[in-house]
Every structure is written in structure tokens, then in C-alpha cells.
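Note that the chains are named A, B, C and D in the order they appear, and that numbering of residues resets to 1 at the start of each chain.
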Amino acid sequence: MNFASDNWAGVHPAIAQRLLDVSSGFSAPYGTSVFDRNIEQRFNELFEREVAVYFVSTGTAANSLALAAVNRPGGVSFCHREAHMLEDECGAPEFFTHGARLAPVDGDNGKINPQNLKAEIERFPSNFIHAGQPMAISITQATEIGTLYQPSEIDRIAEIAKSYGLPLHMDGARFANALVALDLSPAEMTWKRGVDIVSFGATKNGCWCAEALVFMNPELAKDLPFIRKRAAQLLSKSRFIAAQFDAYLKDGLWLEMAAYANTMAQRLQAGIVSSKRARLAWVAESNEVFAILDKTDMEQLQNQGAVFYEWNPPRAKAGLVNEQEVLVRLVTSFATEADQVDRFISLLG
Amino acid sequence: MNFASDNWAGVHPAIAQRLLDVSSGFSAPYGTSVFDRNIEQRFNELFEREVAVYFVSTGTAANSLALAAVNRPGGVSFCHREAHMLEDECGAPEFFTHGARLAPVDGDNGKINPQNLKAEIERFPSNFIHAGQPMAISITQATEIGTLYQPSEIDRIAEIAKSYGLPLHMDGARFANALVALDLSPAEMTWKRGVDIVSFGATKNGCWCAEALVFMNPELAKDLPFIRKRAAQLLSKSRFIAAQFDAYLKDGLWLEMAAYANTMAQRLQAGIVSSKRARLAWVAESNEVFAILDKTDMEQLQNQGAVFYEWNPPRAKAGLVNEQEVLVRLVTSFATEADQVDRFISLLG
Amino acid sequence: MNFASDNWAGVHPAIAQRLLDVSSGFSAPYGTSVFDRNIEQRFNELFEREVAVYFVSTGTAANSLALAAVNRPGGVSFCHREAHMLEDECGAPEFFTHGARLAPVDGDNGKINPQNLKAEIERFPSNFIHAGQPMAISITQATEIGTLYQPSEIDRIAEIAKSYGLPLHMDGARFANALVALDLSPAEMTWKRGVDIVSFGATKNGCWCAEALVFMNPELAKDLPFIRKRAAQLLSKSRFIAAQFDAYLKDGLWLEMAAYANTMAQRLQAGIVSSKRARLAWVAESNEVFAILDKTDMEQLQNQGAVFYEWNPPRAKAGLVNEQEVLVRLVTSFATEADQVDRFISLLG
Amino acid sequence: MNFASDNWAGVHPAIAQRLLDVSSGFSAPYGTSVFDRNIEQRFNELFEREVAVYFVSTGTAANSLALAAVNRPGGVSFCHREAHMLEDECGAPEFFTHGARLAPVDGDNGKINPQNLKAEIERFPSNFIHAGQPMAISITQATEIGTLYQPSEIDRIAEIAKSYGLPLHMDGARFANALVALDLSPAEMTWKRGVDIVSFGATKNGCWCAEALVFMNPELAKDLPFIRKRAAQLLSKSRFIAAQFDAYLKDGLWLEMAAYANTMAQRLQAGIVSSKRARLAWVAESNEVFAILDKTDMEQLQNQGAVFYEWNPPRAKAGLVNEQEVLVRLVTSFATEADQVDRFISLLG
């Protein structure tokens, strides 16, 4: 009964096997081999246009280098107050941009509120150098709290980005979960709506270590080869990331895993809704379910073998939980087993 | 006949298999699992003392974070003029240290000359802030050109480091190759001689992506957890690096692979020495052989299927080659096959 | 009728004269002359202890280097949401600390609320590297909105700083104005209450360009000579800053100017309180008065020759002004003339 | 008899007086006043084109921000091995460019040798990201050792810069001394030859603190307002720098001072040439004279009141001095008195 996080899971057998398959023989390093190039080419097909793709080793690297690519002195990037890049990356985005700031934007359901976004951007008028200058907007899809930007919501953010001449980044650590939940193509969820850069995460969805930074307009990425190498993110045996993506993208495995994880989340959610001891914090739209239960119940469940954590940010809990209660996060993945979900639900009572 | 570089090789079957073995099940992320901790513990045994170990994804990351850990404003680190960190890391060490400088030190055979080192350090007197301040010394073992610091040579550098109060770093991208060639224990090649920090590389010696930054004195690394996370080098599924090290260090596999690679280099070297068309540039002491041959011979060999490159730095070639000749590098690894070496030698004539 | 800002004023005649007096002759550069040393010594007397003093050219430099001196990777500094370093320094503090973050803390009257401060610090538990680590606390005295931390309020912040092992910085761009308003000695307003580092500003109080970074514990500043030089803030003819401080600190000129500016602010305030067309936004405690008036009145006053600006931050205005009104800032200095204040008041009606 | 450095001098009376003259009254801060704008306009006339001008407080700031303006990830700037930015700025250029490197280029007489420059640039082929990428070329005029790039020599460097698409920066800490020695106009010494950015120094030539960063093509400087502010180099009472430039540039005062300083250097040089106890190290072309004398003679002269220093860089002395001798630097300025020069010469014997 492990619902701690999707990065607690291991790797899908097909991906592990592919890695084994490419383990022998010689291959040009640093992403220059034909094999690497072919996988990069796969991204062009995936996004239905010529994109620039850079493999990196962590999602934090992808997010940080995305901002580094559009860096401006005194720059300010706008993201949701609960965004991973703001809350969980130890200042990496600021470090890789030499101190450019992340400005938190509030919004319900883990999503940037467009009005708030505009108001925040307006705090940086172009003739007032003291405050700094707007640099980028970043949205997370699926969000940190398992919700989704609907296509029209992305449109609205993109429209604002465009009106201020700002690049729009999407932190897609759970890109696949969002995609299948919304039944969109990668193109439809990104550049067709105005997204310029995607942190295309695969690690949380069944890979070991496979993150791709994808630029819809390769021109925007022209310094990325140097930025990535200087960031110590150009892997010599880059082939092992390519091989993971090879298996990941083959025959829709990635979408299958994401759909499965989402289904497990729905199953969990249904159990919580019908449970007497827990209630839903908000509706789960991808592979994360947030529930409210009594502290004693949480402890009991954990003692019974369930692995999951309290969701801590004070803002998240405000007005939702009383003193006896906790807000908890339950994450599913390709590795979640249905009977474990069912057991958890039955324990919930 | 691939002698292009040891990072052209894939991964040793035992390591690939181990990765497959740990691919299922759940495990705490970010290096906090018992499995990760156990592998870290393995390093304590390896070095015969309690060390602080941090897994990272590239050798450039290891080198850069080693310097970041001992960073000083206006800092200057001393390394050999041909050091990888100076020549091949796109300024990553400078980036991660916010602009601290790498000062090249000359020396024969790819090794820092102690006299030159002292003279360079002396250029930064402690009361003269304009020049900056000494920060660290870094040696590469085995060196970029396949030679080795003898124990007494490390002693001499360490003595200088100590006399100036500077930490001594060892870039061990080819640590194992040096170790077996010198028949020393890890402790004897490092802290027993005064080395403080080691970039313990395994990628070039049969892993996919396994680099460890090892601090002999954990106190020196107390900020490293934050430095690494901020550098986007804390992998969520850190288990996959741990698993590689698990197989790598088990039953001496790492030393076996290194010894094999070195043997192949000796076999190549013997062939070159006895060849009529090539001659040795200098004596190979680990798994890299440098030879001099006619350009036309190089092209002919390449056309016959041999993969290797010219070694370009002009300084390396000065006085060694004439206009018709080229200096080439031949690298061996666990994956080098003896019959391919023999075929190359026979082609050499 | 210029109330735009205290940095619109020129320089006090005694300071201008002193600069002229030292303009001839030769003197050792880079702060090494006896003259510079003597002025530094003056700071020891001023603070009643041996301090480390570094002259820099801007308040932004002082604030930024203060944080740089206590920098930590993934570091987070806590300051008031309206702090100058957060709102008006174009990201310089983040830049000079390689991306360390400024975390805004709310509080009434421009002052950090201790409860909020604790809550913010608690968001960075020491065993959770993902969020980063607390690094420093910074308070502004007098605050950006002309209010003052009472001694007991500094005590309370310092107690929190101490309990978390964090250095406490005071942005004293208007240090003198606060000092005379509170009738404290420099020691009483700083280290006797637990303040570790002071940005000792003189530019706004009658100098051209004279800012000093003062460390109560010189040990904390041991890298500052390199940090300052690397920051391009070590002036060759440092004597001209020293000369300004010489005149500034002589015979209490600095306190005299600050007291005068404060008196002018009180005079303005009294006029506003008794005015029919304006009302006070909050009580002025140093040399800045914030008033609320109708937009049309503001424009009329400006047309009549008064120079002052709307105070823009939306948070500042929330709940204070209606649609027809504006919140304006009126700043006084040594150069403010009483009859100009009176004229302004009479125009206010 | 002070020949220690031109930054030991104070400030020219006309400049000190101008500063006094503008010390009263109110003026818009941060360089936005009409007065500031007028002085900036003066630079347009001076350079015979519309330039972008940014006042900063140190020459190190000017050099560092020049490079920051053209910064590239993994960037490498080429300068002479003895350049001030490389030898005397504590790594500031690297810091402000987030770790971009300074590559030393050798050349006789303190000047970059074009052949060596090309060879160094060629070490960074555009398709080899590991080494980094060329970013800028910087020459110093007059050089650190008092020599001058002749117009044709600037042409040659500029041609190389252009052929590689690199901006050409001129460190003009002693711009005026070079200008009058070569009898060129500012335009002729800069953009008409291909120089893109100038660190226009005035501090060493009779100002307190007046450095201007001048971009021949304002487009290249479009981010400079943010870069400067973020670098803590935007002075609130910017008027005091403007006032210095006002007096400095008025009626050719700056050229007059520089010509005088050069004349004093020639007078010193003539004395050294005819002296029995000293000999010239190389021909002085601006306001620095380098001489070789016995250590005992140096000490004797210093005891007799002459202030000057040994010139330390070992490379500078190689082959020039014997064991008993020292290489010394003698610097003149507007403040050097002819009778002090004569006294020094007579003491030389």
C-alpha cells in the first residue's frame, strides 16, 4: 500500500529491458550517436513539429535550464505559489539563472489565477528598473496538487504571456498523466495553446532517470548546448536516457502507464468518497488524491502498512481541516496495484 | 576496433543485471532509502574511514561540486593545464563556484610540477586582495593523458596543499585504472597521502551513470546536501545509481574491469612499440595509449574500421610530431576485445 | 517644495567642503591610507566596540554584500514584504548570493511580525533540503514606510534570530533618522539588541555616496575584503568616501541633519492632520510622511510646484484609499526648507 | 616624489569645485535628471555618434559589466596575460558573468599578439561545446605597462574580432593618456577601428570616482540598465559622477591633464635614460615608466622619500633583471610636480 509518491516506484519492465538491450556495443557519447538522434527525432513526431530536445538527469534540471535559456538580468518568473520549482527545488531555478526571482502567484486548485497573474506582472512596469523585469511564466501540468489546467485555462495564461512578450513554460513532471486525463495530443496541450518550453518528465511515470527539456522553437534554445554542458547535465553515456525514452514512447507505453495511474487514483478517490473516515480535499484529476482524515486514523493506517504522507503547506490546509485532522496526499503510478488500493479503502472503512 | 574513449562503451552485464533486479518494488526517493544508505556505507569500508558520499550524474558535476564545497570569493583553484575540468567542462567549475578561477599549472607527463604549483600559489599573497585567494588544488588520477601520479608525487602535492591550508581534490574519473596500476588501496591513494575530496568515477569503467563525490572529512561536506540539490543533482530515483555502485563494487568487479582495461592498453602499447608505422608518444600507465603516426596511416586505419581520434591540444603535440604526423589517443575499457586490439596492431603493420 | 525622496537632495555644505579639503595630495588607494583607517576607527568609537567596516558605493551594495557574507547554498533570507531589498534592488541581493532567496514576511506598519517570521522560518525544517535553508533575517530601520522598530521589537526579532542561529541584518539606509527618533545610541539600536550587521547609510542623509557595511563581529566579515573587491565595490580613491564620513560623523552633524529632517516630517504631518483635503495614512515616525488625498488634489499640488509621488504598492493602499484617492509619500531631509513645508501645507488648505 | 600610482592622486581643483557647485538643490536620482542626461549627451558629441553611456563607481565595475552585457554560457573572453581584469580584479569579471572565463593571450610590450589571439580563439571550435565558446576580446589602452596599441594594431585585433563575430572591448582606465599620446579623436581610437565597448576611465586622471561604460551600439546595451542596477552600480545621487564628468570634459581639461601626465612621464624617462644607476625596461608611451635599478638603490630612493613600487609579475621581469636588480613602476598624473620629478632624477644620479 505505497502511495507515498510516484518517485518511490521503480521502473517499468519494458524500460528496464530496453536498457539491458542497449548495454553492449560502442556508441558515440554526449548525445551524438545515431541512437540518441533517433530518439530526439521521436520527439519531433510526438509534438508534430521540429522541436529542440535536451535530455537531463532531473526535473529540477529541466525546470532550471528552461528558465536559464530565457534568462534576463533582474528577471522575474511567475509561477503558482505551490509550484515545485518554488517549493521543492532548493533554489535551483534561482541559482541557474544567477539570481532571477520566482514570483508566487495565487490561484485556486493549484492553478495560476489569470487576474492575479496580470496583477503580479503589472508590478514590474518596463520603465521601472528597480523592481526587475518579467522574464517567464511557468505552469505545472498536472499541478502539484493533482489538478489540471483545462485547455481554455492554458489559452488564457498563454494569452497573457503573449501580451507581455513572455515565454510560457510548462513543468510537465506529470505531463503524461495530464495528457491522458484531458485526452489531448502533446501538440494540443502545448504549442497549439502557446506553450514555448516543456519539462517533459518521464522519471515519475516509470523511468529511472529520464527528463527531456523540449523547446517548441529551437531558436529559443540556441545556447542550450552550452547551458546544459556548463550545468553538468550533459551525460556521457546519454544513450541510457535515450534508451529509456525509446521504450517509454514505444507503442504508447507512456500513455498506458499514465492512464493506469490515473485510473488507480480514481479508484482511490471513489473509495475515499464512500468512506466514513475520510473525505476528499478536492477532486483528483490526475494521479494524486488529497484526502482529509483524523490524525489517529492516519497513524492507524500507517501502522497497518499504508505508506503516505501529510501534505504540509499551511496554505493548502487553511480552512479545510480542523485540529484533529490532517490533509494527506496519495499518489499512484504504473506500479500501484489495484488490490493494494482496495485494501487501503477497506482499511479506511 | 573502437578505441575512441571509455565512455563509448556500454555497461558491464553484471551492472545492467543488477539494475534490472532492483527495478521493481517501492523505495524511498532522493537517496534516503536503506538501499542507498547501504551503498554509501560500502564507501566507508572501501576508504577505511567514515566518509561523506554524494552520488551525482556526471563527472563534471562531481568536480564542480567538489570545488563548490570549498568555495571562496575570488577563489583560485590550481590544476594541471590539461585537466579535464579546465579543458573539457565548458566552464562548469567556474559556474558552480560563482566565478572562482581555475589556474593552469604546467608539468610534464600531464602531472602538476610541484615547483610550478608553488610558484603559481605564490602569485596570490594573502595580503593582496586584488589577485584573489587560493582555494583548492586538484589533481587527476589517472591523468588526462594516461599517466599516473606516483604515491610520492601525491605526497609532494599534498605537502604543498597542507602548507598553504588548501584542500586537495582528486579527479578520479579513472580512479580504478590508477588504483590497480599502482596496486594501492583507495585509502593509500587518497587520504593517507593527504587527498581530501575524490570525484570517484565509475561511468567510464563500466557503469551507465554513476559518479560519487567522496569527502574524507564529512565536516567539509556539511553544506553539500544543499549544494547538490541546488545543483539539480539529487536524483529522485537515486536507487538506480546506488544499484550500479552495488554491482560495481561487489566482489571487486570494478578493479577487475580496470585491470582488464589496463592490460588491453599494455597490449596496444606493445603493438605500437613494435610497429613500423607508429611510435609511442609517451609510456601508457593506465588505459590510454598515445601514439604518433602519419596522417595517411591514421586515415587508412580509420577506413579499415578503427575508431579513434587525434589528440588535439597544440601543447601536447609540440616538439613531438612533424607536419605529416598526428598524435592520436587510443582508449581501452572493460569492453575492449583482445582480438580487436590484435587486429588493430596487425593493421598497423 | 521637493518631497520626492531624500536622495533628491544634494550634499550638506560641510561634507562638500571636507571633500574639497582632502582633494589635494597623495594618499594610498583602496582604503589602505591612514586617513581611511582613521575613519574606520571612528566607527569603533561610534559602536562602542571593535567592528569591521567596509565602505561601498550604494545601499544596494551594502545590503547585498551583507547577505553575501553569510551566504548559504539554497539559503533563504527573511525580510518584510515591503523591504527595499525585496522591492527596489532589481534582484541584486539574489545575484550577489548566487540565487539565495528573499522570503517576504508580512507585518503591520512596515515591520516584520514576529509570529509570521517564526511561521516562515518553520517552513524550512533543517532536515528537508528541498525547501532550502534559512540564512539570515533583515529588518529595515527606519522602515520603508517611515515607521520604527521599537527597541523591544528589535529584541523580539533578535531573539528569534538567535533561536534559529541566524544572523540579524539591519538595513540602515535611514539609520540616523531612526536613531535620533528613538534617542538611542548606535550600540543600543544594534548589537546590544542582537543586530549583527548594519548597512549604515549616509547618502540619503546628506552625503554624495557614502555607505558603510558594519559587522559587529569582525570574524563574520573575514571574507568581506574579497567579496567586496569581487563585487567591484572597492573604490581606488576610497578617500572620498572616508572624507564624507569624516564630516558626517564630526560633531554630530549626522544626527543634527537627521533630527532636522524628522522635525520637518513632523511639521508636514501636523499640517496634514489639520488639513481638510488630506489625511494621514499612518503616523510618521522618522522622515517620511504618508498621506491620502484626492487624485485631483495631488495633481493640483504638483501643478503648483510640489514634487512628490504616489506610493504604489497595491498592498500598501488596500483598504486605505477609495477610487478617487491616492496614497502619497512625502520625504524630508537636511535640505528641506521649513518655508517650503509651510507653503505646501497652506496649499493643502 | 610620489610615483606609486595615478590613483594615489586626489582630484583636480576644477572637478572638486564643480562638485561643490552642484551640491545644493534637488535633482532627480538614479541618473534620470536633466543634468545627468546632458552629460550623457556630451558623450555622444565626444564619440561623434549616439552611444549608450552608463556611469559606474569603479573601473572593475565597468570592465565586468561590459563583459556581462555580452555574456554567453561557457563564454571565454580573450585579453592580454597582464590585463588588469585578469590580474587585479579578484575575479570580478568572472563573477559578473556567472563564471565566463578570461583566457590570457601573450604578446610583447603588454599587447595582445594577433597570431596568438587567433590561435587561442581557434581552441574553441564552434562545434565543440566541451571547451566553451568565444565571447569577447578585450584590449587595454594604454596598456598595463604604459605602452600603446597603434591604430593599425587596433585594426588588426578588430579584424580578428569581426571575423569571429566577437565584440571588442577596450579597457580605457587610461584612455585619455593613450588618446593624447596618439593624437587621435575618441572616435578614431574606438569605433572607427572596430571597438564596440569602452570602459572610459576618469578616476585615474583627476576624478574622485567617475567611470563610464560606453557602448558604441546602444542596442548591445539594451539590458545594461538592469545589469547595472542588479550589480549595485546605479548610484542614487548619480549627479556627483555626472558633475565630475562635466568638469572633466569641459574645455579639454581631461586631455590637458593626460597630456601633462604623459609629459611628466617623458621627463622621468629622459632622466632614467641619462642616469647611471637606472635603465629603462621599455619605452614609456603614456604615463607609466618602467625602470630597472639595483635593490639597494631602490631602497635608498625610498628612504629619501620617493614613493614607488616594484613591479612584481615574474613574467614581466624574465630576462630583464639580474639578481641584484628590481623592475619598478613609476606612474605620473595631473598631480605630479615637475620639481619632484627633477628631484627624483637628481637622486638617481
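As a working rule, a residue touches a chain if its C-beta (ideal position, glycine included) is under 8 Å from a C-beta of that chain, and two chains touch if they have at least 3 such contacts.
Here the structure is a predicted model, which means the values were calculated and not measured.
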Copies subunit D and subunit C - interface residue numbers shared by over half, same or different: same
Between B-C and A-B, the pair joined by more C-beta contacts: A-B
Inter-centroid spacing, subunit C versus subunit B (mean Cα positions, whole Å): 50
Distance from subunit B to subunit A - Cα centre to Cα centre, in angstrom: 34
Residues within subunit A bordering two or more other chains: 30, 73-74, 89-91, 95-96, 98-99, 129-130, 132, 226, 229-230, 234
For the subunit D and subunit B complex, residues of the former touching the latter: 73-76, 87-91, 94-101, 119, 123, 129-132, 313-314
Parts of subunit A lying in touch with subunit D, wherever the complex brings them together: 30, 68, 72-74, 98-99, 129-130, 132-133, 223, 225-227, 229-230, 234
Residues of subunit B touching subunit A in the complex: 2, 4-5, 7-11, 13, 16-17, 19-20, 22-29, 56-61, 64, 89-92, 95-96, 203-204, 208-209, 226, 229-237, 239-240, 307, 335
